[in-house]
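For reference, chains read A, B, C and D in written order, and residue numbers begin at 1 within each chain.
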Amino acid sequence: MVETLRVAILGATGLVGQRFVSILSHHPWFSLEALYSSPEKAGARYGDVVEWAIDDRPDSWIWRVKLRKLDPEAVAGEKFDVVFSALPSEVASKVEPVMARMGVRIVSNASNLRMDPDVPLLNPEVNAEHASIAETQIASRGWRGWVAKVPNCTTAILTLALKPLHDEYGVKRVLVATMQAVSGAGLRGVSAVQITDNIIPYIRGEEEKVERESRKILGGLEEGKITLSPIQVSATTTRVPVLDGHLEAVFAELEEEPGSRGEVERVLEEFRGNKLRGLNLPSAPERPIVVRREHDRPQPRLDRMEGGGMSVVVGRVRLDPVAGGVKMVVLGHNTIRGAAGNGVLIAELMHRLGYL
Amino acid sequence: MVETLRVAILGATGLVGQRFVSILSHHPWFSLEALYSSPEKAGARYGDVVEWAIDDRPDSWIWRVKLRKLDPEAVAGEKFDVVFSALPSEVASKVEPVMARMGVRIVSNASNLRMDPDVPLLNPEVNAEHASIAETQIASRGWRGWVAKVPNCTTAILTLALKPLHDEYGVKRVLVATMQAVSGAGLRGVSAVQITDNIIPYIRGEEEKVERESRKILGGLEEGKITLSPIQVSATTTRVPVLDGHLEAVFAELEEEPGSRGEVERVLEEFRGNKLRGLNLPSAPERPIVVRREHDRPQPRLDRMEGGGMSVVVGRVRLDPVAGGVKMVVLGHNTIRGAAGNGVLIAELMHRLGYL
Amino acid sequence: MVETLRVAILGATGLVGQRFVSILSHHPWFSLEALYSSPEKAGARYGDVVEWAIDDRPDSWIWRVKLRKLDPEAVAGEKFDVVFSALPSEVASKVEPVMARMGVRIVSNASNLRMDPDVPLLNPEVNAEHASIAETQIASRGWRGWVAKVPNCTTAILTLALKPLHDEYGVKRVLVATMQAVSGAGLRGVSAVQITDNIIPYIRGEEEKVERESRKILGGLEEGKITLSPIQVSATTTRVPVLDGHLEAVFAELEEEPGSRGEVERVLEEFRGNKLRGLNLPSAPERPIVVRREHDRPQPRLDRMEGGGMSVVVGRVRLDPVAGGVKMVVLGHNTIRGAAGNGVLIAELMHRLGYL
Amino acid sequence: MVETLRVAILGATGLVGQRFVSILSHHPWFSLEALYSSPEKAGARYGDVVEWAIDDRPDSWIWRVKLRKLDPEAVAGEKFDVVFSALPSEVASKVEPVMARMGVRIVSNASNLRMDPDVPLLNPEVNAEHASIAETQIASRGWRGWVAKVPNCTTAILTLALKPLHDEYGVKRVLVATMQAVSGAGLRGVSAVQITDNIIPYIRGEEEKVERESRKILGGLEEGKITLSPIQVSATTTRVPVLDGHLEAVFAELEEEPGSRGEVERVLEEFRGNKLRGLNLPSAPERPIVVRREHDRPQPRLDRMEGGGMSVVVGRVRLDPVAGGVKMVVLGHNTIRGAAGNGVLIAELMHRLGYL
């Protein structure tokens, strides 16, 4: 890569922001130029205010970067090639449209805009072709920039595992119970008093996101707009005392009956996300889906970093006549594949497709 | 109660054995006369060899009880009114039939014999009437005693929550994902290295037990034998870093559509296990099912001791058109309702019905 | 008790406030008349806004109590017999002196005022005689009420274990490393992301409190004022992934050499806090110090509720020539003996001594 | 390195064995030729019987290696350049001397022989010069091989942090309370039922090892034998719910008073283990001691992998007049610096010194 792209992070001190920092501090294409934060932290050095909470350590120069105050006009004025947003949704819903109108290209992890039919909600191996609706977005909204969205973490992990089954057998219905890591709620979202020796069987808004976003990600593309998939999804989402990695117990009703458990496992592990073939995206894992055949895998602590945290790991595949198809256990790293890692992959895709 | 019944515990040092000890050291009907253990511990005082691991403390005299060696003939010779077995299944499968033949009445938590059609597998509020097949057992086997079985922990909790729904709406199909406490594997079954910051998505034999035993517990009684219910159950069972309390995410397809979420909640909480009406069993909780309407309950740490650990707690009841009925979260204490507490309740029932 | 005393709680929704509620909802002497909270919660029913996080459940009427806004004049106007404060220190330092001036008698868990020489800092079995400086306080400050303080949790637990050693052998120096429960930081003080699979070797202000308050609690009383004990204390305090119960590894240099380990254990377990003899305070545990002689106790989960959470449990007593005395492990329940339970015990003492 | 050295691992399936495998599967000098295990596992492929429990994954060929039965003669016959022993001490005490007599050079993590005056107990940055007593060992015992010992994990971590203080100020006395990770007890040493929401304030034999081995490691070398250091050490060791990383709260009495906290920190971080200067040992971390000046470090999860798990991390350095010197918090990775990593470093040292 001769030319590097100038990028910035909005909301750099939170847990997803930290993952963005960690990945982007040594990315082959992207040069991290600026970190933006809330006004009370602006002006401080990153290392002095961030409550760093992940094992990965970025290159050390990052600790000395001075945080900038998030101001849409200032961001637009910098003419970054792309901006990564790890902003809270209530902030993002205010500033992202303003910045996009001013010409900023934004890959955002915030939940606003995700279901708008002209906003790409991308899980690249699954629906890279949806990227093109960025054009519809620009055209119809009169914006000079655009917003592409990172899906909800649980949904990104789920749809990646469902995609090859859907292609091969047709997925009619999915019932899923999740066991989600505490890091999914951010640095201070779950307190130790709440979760020690405990499970909280509720995550605000999560089930609706899974049910809704799955249908968009697996949906079609007609005349520049996304059409929702008819797949039916029902979820119960819970929080468990695990640091990183969302585990999902999936029951999938299929249109065609698979021949055997082994066949399903092969369909899963041979999936390559053909839409990315030949693009050589640096963050795309060699195997988007890793299948484990042991009886007791995947396990969050042992398997969440598979493919650098970008692969989902599927195990315990069983033909399930009661569910009308298969049941399986799916694991993915919630702040990498489910957030920052997927965000960077999306930006890489948008670049290869000519949108950066 | 003028007369007290003489009881003993087999396998008193394990985790379920400890719960039996804790409950029976101060029971209004039962007088705990003897503790049996494996040969290597026999002869020692209970307090010197037990690795006591539960918060509850039994009356202190129990620590000084001398452990006896488990010998079927010796047990039979003691003519206890009832004997509680917390033996490992491989031991139980050898000694329980021998003792029953010799006249011992056994309430057993071990998994052997559970699916035999003439062996009562009891969750008293659900299927107290199955107790009568003890007579078939005695008659057909030529035994002088009998064996009644405590169901698998996960199944006991599940079927208690399903029973009122089945009575009211008809349950056709159940898909369930469980999050099970480490105490379910016994004192040393799950190591800290395995489960710290982790989930193990597999428990040996558990899914088969849930799928099979549910059909027996919810089954009918015809000519002295149990007929299996046509209910279809598919389970994915996992182990989570929680000490006590199994949480189950249940998706139930119903034959009749409930009118509303509130109606389902009322059906659940008004359930009283009518089969126990008037029996005044000391271990029967006033409310077998406690319904929580908050959005984030039940939680293992906060709710597992509801009804002294004998109630199941149901929350997050939602009508679910995708599942074709309802989804809900069910919690129960695995070593009380799911094991020792249920065992004592079964013995109380057998006594009231005249089998002790 | 013919007459009951009217009491109120300030800061009722936090974790220490919850413990006060739990204890006072069924206290033999005290009738809980009012709960005060921050303005944003005032007006709501307690059950609707409290994030209840403890296993103990108070009587159910408490859920329906309407929270009152904390207003010093209104509190004073109610003429409660005593008011329990679980306020944050920065709030307490503003309102407690104002209320005391107006005549309110306050037993407070907040850290302000603790080191003032005319403010009783009470661990009743250790220094009940310090209660009398409330008179100095009233006289010198011209207040109509008074403030008595609950010591820092770690310090209360430590000084209770040190007192009999100090009486018997003379304690010159204490080096202590603590492992403190997450509940010590309140409902949201420690996040799960921080503490999962981790230890945080720092607690703000804690070491200074232990070092300072120990000297006051073990200090003398001269002419109505406390004189600090010459005991030297150095602490390193850490936060560990345990819900309740502070564990302290204590190395104590003694003036006189104990005869044997057994002798030290007897000195500890025979301690009765003679200053409370004959007062029959309901919250005083029969044995303030419980000694465990097993090699692996005390353990937080198994021992923290000893004496209803009011006893400290000491184990692993060893003569230690390197330390110049003894080493031992001390455990106490941080929100009961270390906070609310001790607060109620202090109020009971003040009542018996005629200050209520 | 032109020539590679042929090595083997004894006890390859345990947790320390796994760390040896992980490090040696891609070591620049050592070629891993064989894995030995207990008879019941011998013959199986490594990947089929190991309960792999660490995040690190070795090169994949290792899974297919067939385990050999541990037979001293067979091991000797292979003429490995060095053999790494992660055997349980009771096995090691039988086979290690036999193999050494036959000519095997053994670097062993087992606790037998550690205190023998002619057996090197090595923490290379601290006491590399002790390596030479291998010659005494060979000469006096008439062995053709030798045994060098890896110190107890807690002791290795502690003595590394003490060494520069000892050199600079003279350490007279150390009181230390430890918080040790569950992995220190091996794969199944601590059960989840025991440690969930809990601390176990006892580790069998650990305190004696710390007190004894510290004096040998910091001891002198006279006429080919180790003389024990007069340093006095007293320890209380506890087990906490943390996966990896032992944390130690250290109080050190010094002969000379340090000038300032900053001076002590510099003394620590400037320590390079001069005895290794110029040897270029691949496993020697650039900085044996990393000093953190933040108020809340070191933390096990964030800092245990410092220097690839071979550095100790020291924080919270404070001058402590009560202890008569300094207090500080020391962290090290118990299965890397405290076991397998140190073992490999020792072998590298022995090679450079000409003993391989």
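In this text, contacts are C-beta pairs under 8 Å (C-beta built on N, C-alpha and C of every residue); 3 or more make two chains touch, one makes a residue touch a chain.
Everything numeric here is computed off the predicted structure, so don't read it as measured data.
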Which of A-B and B-D has more C-beta pairs touching across its chains: A-B
Cα-superposition angle relating the copies subunit C and subunit B, to nearest 5°: 180
Euclidean distance of C-alpha centroids - subunit A vs subunit B, Å: 42
Subunit B-subunit D separation of Cα centroids, rounded to whole Å: 47
Residues of subunit A touching at least two other chains: 53, 196-197, 241-243, 301-302
Arrangement of touching chains [line / ring / star / complete / other]: complete
Residues of subunit B touching subunit C in the complex: 52-53, 55, 196-197, 243, 301-302, 305
Sites on subunit C touched by subunit A in the complex: 15, 51, 53, 182-183, 186-197, 241-243
For the subunit C and subunit D complex, residues of the former touching the latter: 173, 175, 177, 179, 196-202, 211, 232-234, 236, 238, 240-243, 247, 249, 251, 295-302, 315-316, 320, 322-323, 327, 329
